[in-house]
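As written, the chains take the letters A, B, C and D, and residue 1 is the first residue of each chain.
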Amino acid sequence: MSAAGGKFAARRAGLLARLEPGSVVYLATAPESVRNGDSDYPYRHDSSFYYLTGFPEPESALVLVAASGDQPSRAILFCREKNVEREIWDGLRHGPEAARAEFGVDAAYPIAMLDEKMAEVLAGAPALYCRLARDEGLDGQLRRWFDGVRARGRTGIVAPPALRDLVPLVDEMRVVKDAGEQATMLRAGQISAAAHRRAMRAARSGVFEYELEAELLYEFRKSGAQFPAYTPIVASGANSCILHYNSNDRQTRDGDLVLIDAGCELDGYASDITRTFPVNGRFSAPQRELYDIVLAAQAAAFEAIRPGNTFHAAHDAAVRVLAQGMLDTGLLNRDTAGSLDDVIANKAYTAFYMHGTSHWLGMDVHDTGAYRLTDHPDKPSRPLAEGMVLTVEPGIYVRPAPGVPEQYWNIGIRIEDDVVVAAGAPRVLTDEVPKTVDDIERLMAEGS
Amino acid sequence: MSAAGGKFAARRAGLLARLEPGSVVYLATAPESVRNGDSDYPYRHDSSFYYLTGFPEPESALVLVAASGDQPSRAILFCREKNVEREIWDGLRHGPEAARAEFGVDAAYPIAMLDEKMAEVLAGAPALYCRLARDEGLDGQLRRWFDGVRARGRTGIVAPPALRDLVPLVDEMRVVKDAGEQATMLRAGQISAAAHRRAMRAARSGVFEYELEAELLYEFRKSGAQFPAYTPIVASGANSCILHYNSNDRQTRDGDLVLIDAGCELDGYASDITRTFPVNGRFSAPQRELYDIVLAAQAAAFEAIRPGNTFHAAHDAAVRVLAQGMLDTGLLNRDTAGSLDDVIANKAYTAFYMHGTSHWLGMDVHDTGAYRLTDHPDKPSRPLAEGMVLTVEPGIYVRPAPGVPEQYWNIGIRIEDDVVVAAGAPRVLTDEVPKTVDDIERLMAEGS
Amino acid sequence: MSAAGGKFAARRAGLLARLEPGSVVYLATAPESVRNGDSDYPYRHDSSFYYLTGFPEPESALVLVAASGDQPSRAILFCREKNVEREIWDGLRHGPEAARAEFGVDAAYPIAMLDEKMAEVLAGAPALYCRLARDEGLDGQLRRWFDGVRARGRTGIVAPPALRDLVPLVDEMRVVKDAGEQATMLRAGQISAAAHRRAMRAARSGVFEYELEAELLYEFRKSGAQFPAYTPIVASGANSCILHYNSNDRQTRDGDLVLIDAGCELDGYASDITRTFPVNGRFSAPQRELYDIVLAAQAAAFEAIRPGNTFHAAHDAAVRVLAQGMLDTGLLNRDTAGSLDDVIANKAYTAFYMHGTSHWLGMDVHDTGAYRLTDHPDKPSRPLAEGMVLTVEPGIYVRPAPGVPEQYWNIGIRIEDDVVVAAGAPRVLTDEVPKTVDDIERLMAEGS
Amino acid sequence: MSAAGGKFAARRAGLLARLEPGSVVYLATAPESVRNGDSDYPYRHDSSFYYLTGFPEPESALVLVAASGDQPSRAILFCREKNVEREIWDGLRHGPEAARAEFGVDAAYPIAMLDEKMAEVLAGAPALYCRLARDEGLDGQLRRWFDGVRARGRTGIVAPPALRDLVPLVDEMRVVKDAGEQATMLRAGQISAAAHRRAMRAARSGVFEYELEAELLYEFRKSGAQFPAYTPIVASGANSCILHYNSNDRQTRDGDLVLIDAGCELDGYASDITRTFPVNGRFSAPQRELYDIVLAAQAAAFEAIRPGNTFHAAHDAAVRVLAQGMLDTGLLNRDTAGSLDDVIANKAYTAFYMHGTSHWLGMDVHDTGAYRLTDHPDKPSRPLAEGMVLTVEPGIYVRPAPGVPEQYWNIGIRIEDDVVVAAGAPRVLTDEVPKTVDDIERLMAEGS
């Protein structure tokens, strides 16, 4: 087994330790996905499958059998067979033999043998852990596998009496990132930060949004990141008020703000940075006014991110600063909206801040893991723990509307960084890109 | 609740007592089934659904919620709505309101509300018990229901982390029949016995097999049985060697044996009788010779049916008598087949006796329930207990073949009765139809 | 080829003559259908498949290839393979070799070879005629077959550019019955008539509905009919007003009418008779009054059934008599319902006569074939032609309701016969069962 | 209607002109495709849907009704409704009203009304043109729509008797590109050429393959191209012999060749260029030797691309040059492989050139359209016509193998350009990137 393989074996062992003895796990990776004609999108593995195997190829699946009595646990990988002809066309495949050695599994078989092996493995197992009630394709496989076992019912062989959901188990394992994962995510954050700096330096009035996107893509790939972690948002002018805008085809104008929300995916881990800056290099007074509110909200949120604090504490802290700013600037009218506490209680601030402040970050941009204590009847917010990684991304978005001060119209601002929950203050993975007004203006003045 | 309703409520309570607190049960009844054009087969409910509800209509489903904390358990029935227009055409429907009252459930809703209610009921439940990995239609419903719950994931609401197989639980409940079930099955056995007697009396050389079937059908329905429990087998001459023969369109000839395997279904419970008799009313010598072996085998099997004896003991006892008979008659050649123990050890008897001696009998002809201890690694045969109902049906079937004495060719004999395991000898439900050679000949001599 | 085979070959030739040269037909027979547990309903073939093949086994399919250029047409049957082991259990199978000879097809293959052969047959065919957009299972097969052909696209091989609906083509062939079909249907009608007579003779106050059903079932099967053509309706008292009532479990009372709608299926052809009679053998005055109206309506309908008359003319004639009767008896109030023409124009009669008077009859009870000229923009009623077979079944059903004369409450009457359109008056297939009040009373007086 | 809308309306008219009067067309655009977690891949419309509508949003469908009698033809667009709340999150939607105006259709409805409208449109239509036997989802819709129409069968309304394949019709329309399409494809070719030049200039020994990919991505997006038309191939050293290599993660070494196969997609149209160059800027003698053979093969292929010549003539011409080169260099041994004609006849050249020389290019990289005359029994190669666009991409790939001269091992070369078939020589869309050895070395010497 390779050194890397040991990491994945340890994760599989961690999972197996939580399972009923003798039970079975089945997890397939993601399918290939057609883009147009006979062209596929660039292949992306399933995050949880990769988390447990490190195996990058499509058409593969992992089967685990938990230890039972004196039977040790087993990890079995199913994958594509070696095929010289296909490999000339499509690239190398590990094949079962090499995969077994490199990825540290106990056995590996061609994927075509899956049905046959599952019928063996499931006979008499107390439970099958899988993606429960999610995939039509898997449901069909399960019926076939279970029918196969049940056909032997006269002999006393029984199919598993339970299907259990594998998803929350692996999801929760993924919430806390180990040192290796944090290192990868730091490197991803640094690459994304460099990309944002490059885009800022390249900005000037009249540039097209996609030209700035090109700077991001360049820096990502040049630095070895395989993909954008999500479709980059380069939103200028009024577009900055559309949260997931990504057509990126508008020509900027002098006086616009540009909101860029973009991060790379490096070795399967996402980063996620948003910065907002004036395309001409100088914030106007109203832009700066709102910007500083958002920045203060982010600072307040950082203060709330401590082990033991709840996940939602950062959001509450950010909202308090943002709501106060909305009252101070007149975005919210004190006469109608009332006090700060009123604004918070009746959620009046959602007119200008309608999204959450944080999400888990990891292999997926919106990474897995619960945000509340699902076992508790009141579903309270979940306490943070060291090693959890989340974004902090307050914002203010002002669309034209009656009663809203016109100087703020079409200003959309978001400032987003990625942090690791740590003993004291959180560790920021993405601080290599400026975010104060002064620092941004200074960088932009340098040019590209 | 009706008195009958109480019986079903007690069964539901028995089931609920075995479940994890707060978990949910979902069980739909059987669909209607097209025969040809726009004609359906006569509707038959799902046995387990009926066992738990007594509700006879299609398009209905039972949902149970196990008690949890101070929440009592709940039984919810989903059924067709009242609809005067449809009822003029298709007959009365209970409708939710009347169904709730009559069948003793806690709530009843139109089946169209199933999705909505399941989304409520499943939220936070620890498990859903259902027909696991069996029905494509249910799998699609589950994905929809679970998706609905999961869409609320940000609030901490979770979908059940486990699907559990309801089938073995209800199957095992059904293995032991209560007094009411036994009474129904006795009445079913009596009706079927009368039908067999009627067919025997109607037999004469030259009769068509279907004419004898007509006698059976008449007696079944005349006596109030709703249906044949399975397609009747009226197999004369060589047809008697085809185990599930049922075209029943041959004209008998003098000298033929007729094997009739037929039983009625009364109020949802099956009976299952086989008798074999000479169409002309007199057994020939070779017919009688083999017949007496089979009858002795059945007697030996009866002796082995005692509480605590294994399910397979009756088969073993029957096989021993049959095998000895095969050796005695020369069906098996001692020179090549060896001793009785050899014949048993190497299963040489399966040339003439290729099926098992017993099956569970109840709502289904091949009723539910394990035949072996599935939890035991060696899967030993299961001990019998009072109240279990099973068939006892040894047979001999001699197709023409080299080395087989020609006088036995095309003789197929099976003698089948239904018994309840009881403290001493089993209680025979179907003894009102003769089975000794003499008794049969005497009855047939009476004529119809 | 057997003589019977020639009949089916002629039908296939008739179908092929209507198809585009070189095009392909695919038609599978019906699947087996589970009743409960591991018991199936008695197998029923697909009517159109049987119409074209005469082949009775499940798991079979017919493929036709229309002649093209110098290639003659071909008929290919796919069926179960011979299998001695399975045949001991389940009965004989023809197997491809014998099936080819007996059913007169050009080739026969095991059903397992279907995919392979379809990929050959479909390559380059101009169209595939099949059951269009009806069966999920077929749709999956088609995608597989077409994908197989399309995979060879680089070589210029193409999949059929059109799927055409086979159903209306065969449906229309089936509308006109040939002499052989008419002979079978006459025999079916005679058997059903005998069954109705037997039930009438067995009737007496206090008999259960199912006891009368037993008489029907007996006569059907005794006479060699394989099945009831549909679930028999034995509806006494108020049940007679439920059109498709079939629980048949009520005990009759003196003074009840009994409506029996039942017919046998003989060799794949249905009959369909309804008679209504007093359980005690004597019509009451109000019963007789309404009965005679219905009988007169049927007579009027017969008069309208002539070649060239429209299908709906019989219904219109019956309605006119029924509506007049409703006015005459006060079922409809002249003051509120107006004149006869008013009653017809505003369909007031549908309060007591809510169904159509006729349907096609043949292999299916509601047999195939259009009732209107579908090609015509106005969709006029279709002209009758010799050899068409239809039912004639007027009725009156009086449920208790305010304003309805109480002496008629719970009287439901239907009189139904099966007729062949012929040169003059239609030929009645079911006239061996009495239908005048006097004839019925006379028969019932004879007793059983 | 916008000017652009007119172009699409003309295409729809062209399609409608080929259809049976009154028939219906249904074509949905592509679905959104999940990449990982809740992140989608960048949305890509279906090419043929876009070809006929220009409509860029997911969840939309086009329905056409061909003119019939005095009913004019109709174009109906189904799309997402306006939804302010969703648009704040996900971006603007046209909505039916604006879509109708901008895209020049006769009517537009919310996609939720599709089922309702299809039931209307299909009633009585002679045929439905759709993606035939390709999509499980569509098959389910068709069954639903047809069932809806058939439920009205008693009224004489009928569902379409035929489904016809829309795909080949639109595919063939797309084969010949109009002036507007050619202009877009020229611009796409120019952008891709600039990207290749940029990558060449950035190359140096030790650069990672992905660094060169970054140069391509940058130039594509900077120039306004929305996407790579396919996953770029940057294959150095031995990787150049894997035809669709795209992990692009190897570090180059001095002496390597780099094969780059990459093109942008601009406004829905693909370009497709391959160049092969020495990473250190100077071809070695064996590299140059093979390179010049491939370049000569491409030149020969260009000569064969003339209106009226067959599609495969270019391939044949290229193969002849390549095969001669293989013999001249000793890649193929004259003693064993024989003469040039032998090598061609027995396809010995496929050891080093195993792919075709050309494919159609357009909205899809492997664009739609037949390569052979599918109507002709012999399936001959198709004649070229002006306006067709295809690639010309000969290559030589030498993997290490016994008997193959070692100086050529691991050399993979492909030279690919995009051409429009024109009156004389084809018009090359991608000639702004050098391809002679001298031109390449000169450009690389300039550096970046």
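In the analysis below, a residue touches a chain if its C-beta (ideal position, glycine included) is under 8 Å from a C-beta of that chain, and two chains touch if they have at least 3 such contacts.
None of the values given here were measured: they were computed from a predicted structure.
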Task: Third chains touching both chain B and chain A - done: none
TODO: Write down the chain pair in A-B, A-D or C-D that repeats the interface of B-C; the criterion is over half of the contact pairs matching by residue number.
DONE: A-D
- [ ] Could you give the separation in Å between the centres of chain C and chain D, each centre being the mean of its C-alpha atoms?
- [x] 54
Task: Gap in Å, rounded to a whole number, between the CA centres of chain D and chain B - done: 61
- [ ] With chain centres taken as the means of their Cα atoms, state the distance from chain A to chain D in Å.
- [x] 32
Open item on the list: Give me the residue numbers in chain D that touch at least two other chains, ranges are fine.
Closed with: none
Task: Chain contact topology (line, ring, star, complete or other) - done: ring
Task: Of all residues in chain A, those that touch chain B in their complex - done: 127, 132-136, 139-140, 142-143, 145-146, 153-165, 168, 370-374, 376, 379-380
Task: Interfacial residue positions of chain B with respect to chain C in the complex - done: 30, 33-42, 44-47, 87-92, 208, 210-211, 213-215, 217-222, 224, 226, 229-231, 241-247, 249, 354, 363-368, 397, 399
